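Listed next: structures, encoded as structure tokens.
Both complexes shown next keep chain A, but they swap its partner, so chain B is in the first and chain C is in the second.
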Partner chain A sequence: MTAVIEVKNLTKRYRDTTAVDDISFTIERDAIYGLLGRNGAGKTTVMSILTAQNFPTAGDIRVFGESPYENAAVLSRMCFVRESQKYPDDATPTHAFRIARLFYPNWDQGVADRLIREFRLPMKTRIKKLSRGQLSAVGVIIGIAARAEVTFFDEPYLGLDAVARQIFYDRLLEDYAEHPRTIILSSHLIDEVANLLEKVLVIDAGRIIMDEDTESIRGRASTIVGETSVVEEFVAGREVIHRESLGRTTSATLLGALSPEDRTELSLAGLDVLPVSLQQLIVRQTQNAVHTDEGALR
Partner chain B sequence: MVDEGRPLFLQIAESVEDSIIDGSLSEQEQAPSTNELAAFHRINPATAAKGIAMLTDKGVLVKRRGIGMFVADGARELLLTERRSAFADRYLDPLLDEARKLGLGPDDLARLLAERARTATTKGTSR
Partner chain C sequence: MNRTLNVVRMQLVNRATFIWVPLIVLGGTLAISLLIFGMLSTSAIDTTTMFGGGAQAPLWYFLAVGVQALTLSFPFSQAMSVTRREFYLGTLLTAALTSVGLAVIFVIGGLIEQATRGWGMNAYMFRLTWIWSQGPLVAGLFFAVVAMLFFVVGFFFATVYKRWGNLILTVLLIGLGLVLVGGLWVVGRMDAWGPVFTWFGSLTPIALTGALVLVIAALSAVSYGTLRRAIA
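Up next, the complex of A and B:
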């Protein structure tokens, strides 16, 4: 696998807050990444630095092996779909797509036209007057039709209803399958996108707390449910990341895969094992990080 | 259809195996492509590819260069043998666990099983 993006010891400080705290990671070619984390964790800051829309305080960034700053050759190969993209006051979607077509060398007008129909986007209305969902649709259409070698989608679905989000996921996956490229998707709706992701980067308080294949995270944690004393006996000495009790029943979420012996023991003890979704796991992990690291930015 | 607890590529592989076992995908027929599986299950193509790779390693699918994946000769028999040997672990053990909890012995289970099998057959023939 070749890396399209390499980040080494990246830090970004604003006055007295540290938004990104000495992180290093690489993004491999032609994979779909999930960039996940809570609000204010540093996701947008990282993406805007990688696309040269913001400056790092310290650290080294390479995109296609080069620095992205004032580097037109690198920037035309990247597309950043921002949550709060600004357009000129009198621009319509027609104008926005015309400019995108000029800027992105791999632009596919057929894909754009189809998405415009599917999202029922009014082409002659000024972008300023569009609804939040229609505004998001403009960004999503540009992001998919641009076929840039690296595409960032930063919370691209704001205001999109469930049907429109499904159109986005389906068309993205379809187009990616035919034209593999690197996609970095930042999202809060982790359960919705989990199956699309090949790799997951989780940022919390400006640091990377998870950088792994999605498949290897599956089955990483499980929840054990049963009578409190029996559950406690089983979880003793294991890493419990969450615990809840109701009457005499306790549910404990454990980190670490269960062995076949564990499973036999659990079933003999009459304990139930529930799977933990990627979203649940990340919620627990990022909750914990806040408790253990109070000095960091939230 | 997705079960959070198990690797997704295994579930994809099993879904293809199920079609071979129930005959909806016959031997020598072309199997769904990685991209078709990815689109249908709404999953990353790399995950679907891993499921397909598992089936080729097992000898269930064979690759014909430039055309695609095909169901191998003898694939159904191979899968039946494998599933039959896993049957006790997968279905009987949980059944026995629950029965033990409820105080049902092996004789009770045998009786229940015979009853159920009877009603299932009559339902089956009336359809």
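Up next, the complex of A and C:
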């Protein structure tokens, strides 16, 4: 695996807030990453710094081994359409795609045309008159059809209806299968995108709190359900990240993989094991991060 | 270089901003000016030569184009993975091309006025005596440079706004106003209005054109420095 993006000790401070706090990570070639986190966690800031649209306060960024700032050779291999992207005044989707075709060497007009049909995007309406969903569709179409080696999608589903969102996920996967590339999908709707993701970066309050393969995360936690006393006996001494009780039944979410012995013990005790969704796990982890950090908050 | 030329194409993809609206503005003012000239010439003063200032309307529009080229196209150019340098060069190139285009129309207008003795009414809006005093080529150069200046002024203030926001822009504008008033005060204080006017009167079109080119160069250079660290 080769790294296409390397970030070391990246920090971004605005006047009195730290949007990104000393983070380091690498992004490998030809994989779909989820950049997950709550609103305001720093997702857009990180992506805009990686594409040289914004400037770091401190830290080092390498994209394809070089600094991206004012580097046409590097930038032309990346595509980042913001969630709040502005377009030239009076531009229509036709204009926007015509321009995108000029700048993205791998632009595929066939893919764009198909997506335009599927999203039912009005091509002659000025972009500033489009609905939120149609505006997102313009960005999604540019992102997929550009076929840039590194493509960022910033909350791409905002305002898209369920059908359109599914079209986006399906077409993205199809196109990725045929033309592997690095895709970084920022999202706060984790369950919806969980099936697309191979790797997950979770950012919270400007820090990376999880940087792992989706598969390994899935096995990392499980929920044990059963009679309260039996559950408590089993989880004693283990790391419980969430606990809910209703009557005499308790469900406890455990961190850590279950060994075969654990599984035998669980089935003998009559306890059920439920998988934990990526979203649940991240929500719990993020909440825990908040609790343990409270003393450090200014 | 190719990407810089693509920025020109990006700016011109929507032809309304750079081409059709300036032409409509120009056509509109030409029509209005001719109507006014017509009304005046029928009222028995046709022996006098009339000069109209309508031609400056598209120039003012270039100020707005300079602002829009930055505030609206710069964020999109960033999404197209264009470097700030490519955006800057491509945008100024677009402005230069359209300025020259406008100047050519002005010179043609002036030549028509010359051939028709001011639309047959002794009325002129392109062939202004002083500007044409060194011939059509210098007049054309002058028009192109003035159009470019309007654009660059708009672009300059837009970069300041983009980089530092409304507050700093306002402070800058007030500061410039104060400097201007201060300059006027100094001239008055030194009782130098006579020499100043004489100096203005002695300026040739080509000399003023050269001076404006220097102003354009300075504003462009500062705009570039500002844009290099601007965030869309």
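The rule is simple: the second predicted complex is superposed on the first by the 294 of 298 C-alpha atoms of A that agree within 3 Å, B and C clash if a C-alpha of one lies under 4 Å from a C-alpha of the other, contacts with A are read in each partner's own complex, and residues count from 1 in each chain.
As a working rule, a residue touches a chain if its C-beta (ideal position, glycine included) is under 8 Å from a C-beta of that chain, and two chains touch if they have at least 3 such contacts.
Please read all numbers here as calculations on a predicted model, not as lab measurements.
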item	value
Fit-or-clash call for chain B and chain C when the two complexes are aligned on chain A	fit
Partner chain(s) touched by A:R238 [first = chain B, second = chain C, both, neither]	neither
More chain A residues in contact - chain B or chain C	C
Partner chain in contact with A:R132 - chain B first, chain C second, else both or neither	neither
Partner chain(s) touched by A:M78 [first = chain B, second = chain C, both, neither]	second
First, second, both or neither for A:V276, with chain B first and chain C second	first
Which superposed partner A:H179 touches (first chain B, second chain C, both, neither)	neither
Which of chain B and chain C A:E215 touches, first, second, both or neither	first
First (chain B), second (chain C), both or neither touched by A:H95	second
Chain C versus chain B - closest C-alpha approach in the superposed model, Å	26
Intersection of chain A interface sets (partners chain B, chain C)	none
Residues of chain A defined as touching chain C within the complex	48, 51-55, 70-72, 75-82, 85-91, 95-96, 98-100, 102-104, 142, 148
Chain A - residues contacting chain B, complex	31-32, 169-170, 173-174, 176-178, 180, 195-198, 214-215, 218-219, 222, 267, 270, 273-277
Chain A contact footprint on chain B (complex, rising order)	2-9, 34-35, 38-39, 41-47, 50, 93-94, 97, 101
Touching residues on chain C, where the partner in the complex is chain A	3, 6, 9-11, 13-14, 16-17, 68, 72-73, 75-76, 78-86, 228-229, 231-232
